[in-house]
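Each of the two complexes below includes subunit A, the first together with subunit B, the second together with subunit C.
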Partner chain A sequence: MATAEELAEAFADWRERSNGNPRLKKMVRGWDRVIHFVLADGGEGFTMEVRDGQLSELVPGQVGTPDVVVTGSSEDFCDMFWGDLNPSEKYMSGEITLAGSQADVMRIDAISMVAFLDR
Partner chain B sequence: MSTSAGLAFAALEYLAAAGLVAYVAGDSAWIAIGVAGLLALLAWGFFGELNGMFPTAAAIRLYMKRSMDDRVALVITFTYMTTIVLVIAADAFIVGTALAHAFGESGWVSALWIAGLLVLAVLSNLRGVHVAGWVQDLATYGVLAATLVVATTALVRSGRPLRFPLEPLHGHGAGSLIEAVALGVFLFSAFEWVTTSAEEVRRPEHVHRGMLVAVGLLFVVCSLATVAMSHVLDHHQLTSAYPQLLLGRVAFGQAGLWAMAAVTAVTALNTFNGGFITASRFVYGTAREGSLPRQMAKLNDRAVPWVPVCALGVLALVVALVVSLTHSWQLLVAVGAALEAMIYAVAAFCTLRLRGRAPDHARPFRVRFAPVLAVLGMVVFGALAVVASVSVGNRTDPVPLVVIAAAAALSTLYVLVVLPRVRAAEASRRAATPRRRPARPATAPGEGS
Partner chain C sequence: MAAAVPIDRECEVVVLGGGFSGLSAARALARRGVDVVVLEARDRVGGRSWTESVGGLRLDRGGQWIGPTQTRLQSLADELGVATFPTHTAGEAVELRDGVRHTYAGLIPTFDAPAAADAVEAILDLDLAALEVPTHAPWEAADAGRLDGTTLAGWMDDHLGSPVARDLLSVAVRGVFGAEPEELSLLFTLFYLHAGGGLSNLVRTTGGAQERRFVGGSQQLANGMADEIGDRVVLGSPVEVVRFDSDRDCGVTVTARRPGDGSWSVRAERAVLAVPPVIASRLDWVPHRPALRDQLAMRMPMGTVTKVHALYDRPFWRHDGLNGQLVADAGPLSSTFDDSPVDGGRGVLVGFVAGRDCRRFERDGLAGVKAVLEQLGRAFGPRAAEPLELGVQRWSEEAYTGGGPVALAVPGALSTLGPALREPVGPVHWAGTETATEWCGYLEGALQSGERAAAEVLDALGARS
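And then the complex of A and B:
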């Protein structure tokens, strides 16, 4: 199980890559959403917001009304934020689940993919 | 509910309904549709249980992968995807032909309508345009209500009593009734596509309840429309590519014909919206998973998987134009009916297999007497798939079986020959990519984790 510090470090890296990616900025333009991450292996989840084409910092706990809820293990989230894990594989195997509209689900996957297109 | 009924009630529904009339006596087609509806309820039970276990757009991959060898699951899934291409192509063809007929234009103009409609569908998909839920609801209820009103009015205006409404076998063999039921199952087909929207529903149990109501509604509307067509249209009209327009004309004159042309065009809204999204996102997910080439997972700036959307549009256009040239829409109905019955049999198998393999998996909805019903489902739907695959119109014809066998052969070839290479390339690409996540500091002996 990944620690809160590991998750925070991984997310900070993901956020920096995403916010600095011009293509991704285009992709999330006008897509202002509240996203809850729920940890399936226990522990406090966290909230991320996308506003004005930028990913916010992580806020501990579930804050506000979510547009999308992503549920997975802390290890998988950590690997995903570092770009070491393809979340689609975990999604197609049922280990990561999402609740939200199809378009929103696609955008989240797009962020996770486009941020690491160089890999 | 409206999503389930809307996806099932495609323009092809009218042609399938008109085609069904040939198999039974007089105005008794509603009996075959009723039996098909009961069978659809059986399928509803299987999809309800499976979707409850895996409330995700990837449900079909999840429950098939866990029920059988992954390669077999992929072959079946890719073959089944043919149905979506066929339904989109069929709707483009039917709407194009209906509009050309309504405007009094010659046959070749329908090809322009078909191409125009598909280009519009592709472009709106590429721009990430989504039909809002309320528009989808309005379109579905509007189509169903208009069909009910037109069918009822046509029946009332005929002024004649129904012919053999309770005697489907009058002058027909039992085999014809079975063929009619196989075709009847197709009238309900795609009601289960709603499961791909499971993630959008706050309460997943609403999905299987909605599907149940949709099956009931489809039975009422399809039965009435079929009986009205058998009652007021002659053989030549029933075998045309626009029997619903002729039904509209019987009910309300030229205004009715125009109204049904508009209704036919509206059905395409749900089919194109649901079909393109379902198929392209599935292909995207499968490519991201590593089971299709990476090119299929390319996104445009609106986060739309543009390669699958364009490929789907081109494939549908080719099929629709071939059907337009050869007038072989009944072949499409037969292929669709056979594939749909096949996937229902597969759902029955998966339900049974997962009861054994994953007995403790949470099931918000459970089919009662699952072992018996699943075996029954496999036998009945398997038999209907075979019957539908060798029957076009009311004659024996192996062409649908050949089409399905070709799709299955291509899928098998891909899974056995191409897929291992795709996966090997992906594995070597990943092996060459170093991990970015920092290694955890080694834990000293005696320290807890």
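And then the complex of A and C:
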């Protein structure tokens, strides 16, 4: 199980790469959303916002009304944020699940895959 | 006025076609006490679902998977006690690109990561655009004329820079439609993707269209529906003539070959045509053809697909860390899946030869079959090139289907003639997965279309009494 500090460090790396990636900026343009990450292995989840084409910093806890809820283990989230894990593997195995409107789920699915592929 | 023909059987509703859509319509009507007769050309029911015993295994020569949100199909399976099990997905997939073999995990080949990212972005763009196309009336989409004047290939020219990304998308399209991006109207493509939850959903195993299989094969579901309808399902009776007079409310008479010899005529108040559009167009219509529907059918050719089964003593690829899935940029096979029985006691790979590759495969004859074996060997090792048996199901040779997996719409078809797809013509109603608004092209869509046609017919019969 990853600690909150480890998750925050991995996420900061993911955020920096994502916000600097022209393709991802294009893919989140006009897509302002609140995303909750729920830790399946226990522990406090966290909240991320996408606003004006940028990912926000991670906020501890479930803040606001989510558009998308991403559920997975803290280890998988860490690996995904570091870019060591292809998220589509975990979606396909059901170890990471996405809940939200069809369009929002499609978007976060694609965005997270591109973040992995387009490093 | 149509000449009178001797009537051998009278009923309230005659259904043409004993596939999933026709049986679903007939069963819904029979359950409401309607006297219904189903005429099926083949000596089996099921249509594009066809399960056969090969080497002691039940193999699906046609539609075989069930995915999330296919609720009618799931209910039918539950009702008939047909179990499902997950498609085997543990392990890595194989990609053959430019003759070189790579393995990968996840949804999309990752060897050329920037190209894969291009393809993922393009799939998202397509899927989001698809959500804007109303599935009940694609021709009412904003900009329907422009979308329908474009092919999917034209859209790819504008949205995909890298040739590898274009290839990745073309392989997916080939598998889903049995066609090349050049053949597909963009409006039709977007409609179809919306109806099936997006291209990202249609190419997926777990969580998508290929998620689970039926223990014992999908045709059991058709057999179960036919059993309920009983001897009112007549096999081996291909319809040749449909007679109706649209100016007078005097029903419809269909003349079919009789099982064995000769012909017989069935007279009904209403007919449900539960066959692919092109098959309806091959009938004789007396005194005249259902003009707009017929014109639309001319613009909706069947896709081109051949399904291949390779049987082995066991699923040896699993021990090599492979999941049996293949994605290939050059044919004959464009994709494979692990199709082994639920106990894994034998090994089966199912492969698709589709679109461009299928046309070439048909021309190549035995050399094409040999190329399939070589390709299996390159992908999964030398053992794969020597299956115990190789089954080849050419859907384009099927007289009562004409191709597969589905009819597609060429540019200009839906925006000019789309409403004719489902609009009844006199006493004639239209079913078939092509007329579905959910999961068009799939077994689920066939069930939905049958239920919708049955509801139309019940309305019409109710108005009469």
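The rule is simple: the second predicted complex is superposed on the first by the 116 of 119 C-alpha atoms of A that agree within 3 Å, B and C clash if a C-alpha of one lies under 4 Å from a C-alpha of the other, contacts with A are read in each partner's own complex, and residues count from 1 in each chain.
Please note the rule applied: a contact is a pair of C-beta atoms (placed from the backbone, for glycine too) under 8 Å apart; a residue touches a chain by one contact, two chains touch by 3 or more.
What you see is a predicted model; the values in this text were computed from it and never measured.
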When subunit B and subunit C are modelled together on subunit A, clash or fit: clash
First (subunit B), second (subunit C), both or neither touched by A:G100: first
Partner touching more residues of subunit A, whether subunit B or subunit C: B
Which of subunit B and subunit C A:M113 touches, first, second, both or neither: both
Touched partner set for A:A10, first subunit B, second subunit C, both or neither: first
Touching partner for A:D84 - first (subunit B), second (subunit C), both, neither: first
From 203-211, 257-265, 311-319 or 365-373, the subunit C stretch with C-alpha clashes against subunit B: 203-211
Contact residues common to both interfaces of subunit A (with subunit B and with subunit C): 23, 26-27, 86, 88-89, 91-94, 102-103, 106-107, 109-110, 113-114, 119
In the complex, subunit B residues that touch subunit A: 54-58, 61-62, 65, 128, 130, 196-197, 199-200, 202, 277, 281, 284-286, 288-290, 297, 299, 301-305, 433, 435-438, 440
Touching residues on subunit C, where the partner in the complex is subunit A: 89, 105-108, 110, 113-114, 116-117, 120-121, 123-124, 127-128, 131, 197-198, 200, 204-207
Contact set on subunit A toward subunit C in their complex: 23, 26-27, 86-89, 91-94, 102-103, 106-107, 109-110, 113-114, 117-119
Complex contact set, residues of subunit A against subunit B: 6, 9-10, 13, 23, 26-27, 78-79, 82-84, 86, 88-89, 91-94, 97-103, 105-107, 109-110, 113-114, 119
